[in-house]
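Scroll down for the structure; my scribbles are underneath it.
Chain lettering (A, B and C) follows the sequence in which the chains are written, and residue indices restart at 1 in each chain.
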Amino acid sequence: MKYTPSLGDILQARGVSRRGFLKYCAATTSLLALPPTMVPRIANALEQARRPSVIWLSFQECTGCTESLTRSSSPTLEGLIFDSISLDYHHTLQAASGEAAEAARHAAMEENMGNYLVLVDGSIPLGNPGFSTIAGISNYDMLMETVKGAAAVVAIGSCASFGGIPGADPNPTGAVSVKDLITDKPVINVPGCPPIPMVITAVLSQYLTFGQLPELDHLGRPVAFYGQTIHDRCYRRPFYEQGLFAETFDDEGARKGWCLFRLGCKGPITYNACATMKWNGGTSFPIEAGHPCLGCSEPGFWDKGGFYNPVSTTDIGSGVALAGAAAAGVAIGAAAAAMSRRRQKKTIQEG
Amino acid sequence: MSTSEFDLESKRLSIKEPEIRYDTQGDLSDEERVQKAMAHFAKNFGTTAAIYLDSCIHCGMCADACHYYVATGDPKYTPIWKLEPFKQAYKREVSPFAFLYRLFGLKKKVTAEQLQEWQHLLYDSCTVCGRCSLICPMGIDIASLVAMARHGMFKAGLVPHELHAVAERAEVDGSPLGVTPQLFEERLEWMEDEHEVDINIDKEQADVLAVMSSIEIQKYPAAMAATAKILNAMGESWTFRTDGFEATNFGMMSGNVEWQKNTSMRIINAAIKVGAKMVLLPECGHAYMALRWMGANIYGKPLPFKVLHVSEYLADALNSGKLKVRKVDKSVTFHDPCQISRRGGATRAPRDILKHLAVDFRELPGGGDYNWCCGGGGGVVTILRADELRYKVFKLKMEQVEATEAETLLSSCSNCRQNFDDCQEHYDWKYTMESLLDLVADNLEEDEA
Amino acid sequence: MDLLDFARGPAMQVAIYVFLTGSLWRLFGILLLQRKPDYSELRKTGKLRAALKVIWNRAFTAPEFRMATRYTRIVGYTLHFGLFVTVFLFVPHIVFFKGLIGIDWPGLPNNVIFFVGVITVGVGIAILIRRMTHPVLRLISNFDDYFSWFVTMLPVITGLIMPIRFGIRWETLLAIHILSVALLLIWLPFGKLAHVFLLIASRGTTGAIIERRGART
């Protein structure tokens, strides 16, 4: 029987102290908003965890999600954990290529039938199978085939969760999300363009620990990270309330760190953890850096009226249409007046 | 009848909710009356009326300005409510959304019952005084709409019968009180003798055509002498004409446009005949509205002469120094006739005159353009069944006058004067209304020469 | 397309078109009726100046009438002031208008707007009660009066609920608020709310006629 080291074995071998490992488990527990009593259970589960098979499928994506996850600014425990998953298929990271890679995918599927995790980034084009293929196989075919034996599917990033940028108007490739296609397996959406790295690992850790889906909102996103808006957790909120706004980039208000609502910030309608967990290991997030939130973890965020149009604006249509409406009003009014005058005359004659 | 129908609470024996009484003229059926009313409402539905009828926001402030609502507290006297059938007809037939209203049955046709019920509101309880027009935040000239609505009521044969009788008299005989040209001449000659003043009658040519109201001719004839005295003192080339002397316009008040025109044309034709440069209107309120502001439009083109109310003429004469008066040592208050001051724009004239008379002038509290209407104008004083209401609203006038504690009460409208006289008798009131014209004529300085 | 996209997009577009078409329909339907010339000898010239004078001064009640109308005036002014402040001095609204007409202006802090909004609703309720209980208003009021009240108050109330939340998602509350504004815009030309532009015509007409007679306006 093949010796498959547990995660605990691997960590020990790498010289990760028990203390360090437990610290990670405590942080993860806290991130998941679980009580401290859960720490030992998470520690136990992770320790015992056999390196589960993970198959990562990349479709119409920009690789940003992978970059976000793996390109950390400093080696972290998350990276080590990642090494401790059996990542059996990932275009960017895998050593194999070509037919060998596809063979590895099939082998992993067979060996772990019913137990492997499928992670997907990128949207799936339905317009023409030729728009995006891997080893000659269309994205759609590869997804449906791979998901057959999966325990669960995690859609990483806004493209896989909602269609993302390929799905933006006019959606030339007919891009759809994972949830649009997979209805018979549990699907967790971890949107963001890209998602926050620690959100990805925490979701995976939770799944590995409990073997079941976390609480999800109506869009399939874990409530633990997508349960509150940026606006409700934004450190600049007091300026919104006071009515102090940056009017343009780098103006006095911008330099004073005032609210970016007028510059189009979608914080009020965006659910994500950027304002609390932040990016680059807690360094900053877009608003803190002076740029309005794009709303990148929401469906269709590319088509919500423009990044620099505030949430309270509306698209009133073209000037031509407005002129047409005005002309219609005048015309109908004139017609009404003509009808009224005729009726007036008639009434006078009848009397 | 069961006893529950009796009104046992009021001081006088009566029944609760008596049926609405209304007068009719002619033999028309109800449908015909409605048809006539609609036709003659419709004649007025031009842009001006449409803007007004479409702009009402139901704020109810007009009620606060109306002496009928203020004196009784009865919401049916809300001025814009008096126009409800008129407004309803406009919205249903001619408004921009009339088609939709008809299609979806959102506005009903005006019924005969409505018109009958509204006779009281449009005639008994409106003097077209225009206070409501001043208070309306939308600037709606509500008073003018009542005058328009009366056109429909007249043709429908739904005018209070005394007002109709008087108006018919004016149309047929030329005077609401039956003053024929002959009678007019006779009374002029009487005044000539009585007051020793030269009165010009039926001259072929004159710069000034003087006209009188039948109320003055019959009840306050001294006005004729006073007018003559003043015109003579001014050295005017002037005349009365027996073929055009009636200043009142009961066609206008009752709502008959043709009769209104006939009455006005008599004056206009007479003035043209003598080549008058000016028509001098007497102390009559609605005469001013009829000729000064509506005359040219009735005529269809600008009038070829100026129109002045006698108070305006006197004010000009005194201001320019052409006329001089003695000082009158009295405390005086002045009741502004609605059609001359508020509606007519001639508010300053009487005040100039009183300044020259050097009286101790005390404005009525809330006087001038915002003055309370005496309650007798618009034909109301002719309607007997409206007497109780007329006396009730007069209480506001009495309070207003008494607050000044002035010795003398003046005005320059003989219809107001008539109403004041009647109410004075009813209430045994200490104030008698006097004529501004008389006061000036009695105090001309050239008398001393 | 979720509810917010619908509200900000097609719903508001349709509302603005109906508002534009309906308002001009009503205005021209009135202005193109018969006109009669006035041949009388007017005391004053300057129709436009006369019209503007009355358009301005009817916003204020003459001193003689102030006592009798004090309740109406106090609640009326307060309501209009409250609507003006909450609609035009709240920054997310200012940004909305800037998107429409390109003009920008400064706003007030959110809590001030909220405070004024609460007063506006309070006064609105007082106005409704008065309309339902005062004998004059009860007699002359109709569907238009009550529906217009509802359609005006709904945006204010839904706007106030947004910061209070009541556990509902913010974007849902925003969508409902925007839809209530769309309803207001659609109804405006057809009921008494059209007084926002009709007042110019009615006051101006009285100015042109009465003011030029030299009579009091």
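One rule holds for everything that comes next: a residue touches a chain if its C-beta (ideal position, glycine included) is under 8 Å from a C-beta of that chain, and two chains touch if they have at least 3 such contacts.
What you see is a predicted model, and the numbers here were worked out from it, not measured in a lab.
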Relative to subunit A, chain with the most remote C-alpha centre: B
Interface with more contacting C-beta pairs, comparing A-C to A-B: A-C
Per-chain CA centroid nearest to the all-protein CA mean: C
Averaged-CA centre spacing for the pair subunit C and subunit B, given as whole angstrom: 37
Rounded Å distance between subunit A and subunit C, as computed from the means of their C-alpha atoms: 43
Distance from the mean Cα position of subunit B to that of subunit A, given in whole angstrom: 80
Sequence positions of subunit C contacting 2 or more other chains: 25-26, 28-34
Multi-chain contact sites of subunit B, meaning residues that touch two or more partners: 45, 94-97
Multi-partner residues of subunit A (each touching 2 or more other chains): 333, 336-337, 340-341, 344
Parts of subunit A lying in touch with subunit B, wherever the complex brings them together: 333, 336-337, 339-341, 343-344, 347-351
Residues of subunit C touching subunit A in the complex: 2, 4-5, 8-9, 12-13, 16-17, 20-34, 91-93, 95-96, 98-100, 107-111, 170-171, 174, 178
Residues of subunit B touching subunit C in the complex: 45-48, 50-52, 54-61, 63-65, 69-70, 73, 75-76, 78, 80-81, 84, 94-97, 133-141, 292-297, 299-303, 306-307, 341-347, 366, 369-370
For the subunit B and subunit A complex, residues of the former touching the latter: 35-40, 42-43, 45, 93-99, 155
Subunit B-touching residues of subunit C, taken from the complex the two chains share: 25-26, 28-41, 43, 54-55, 58-59, 61-62, 64-65, 68-69, 72, 76, 134-142, 144-145, 190, 192, 194-195, 198-199, 201-207, 209-210, 213-217
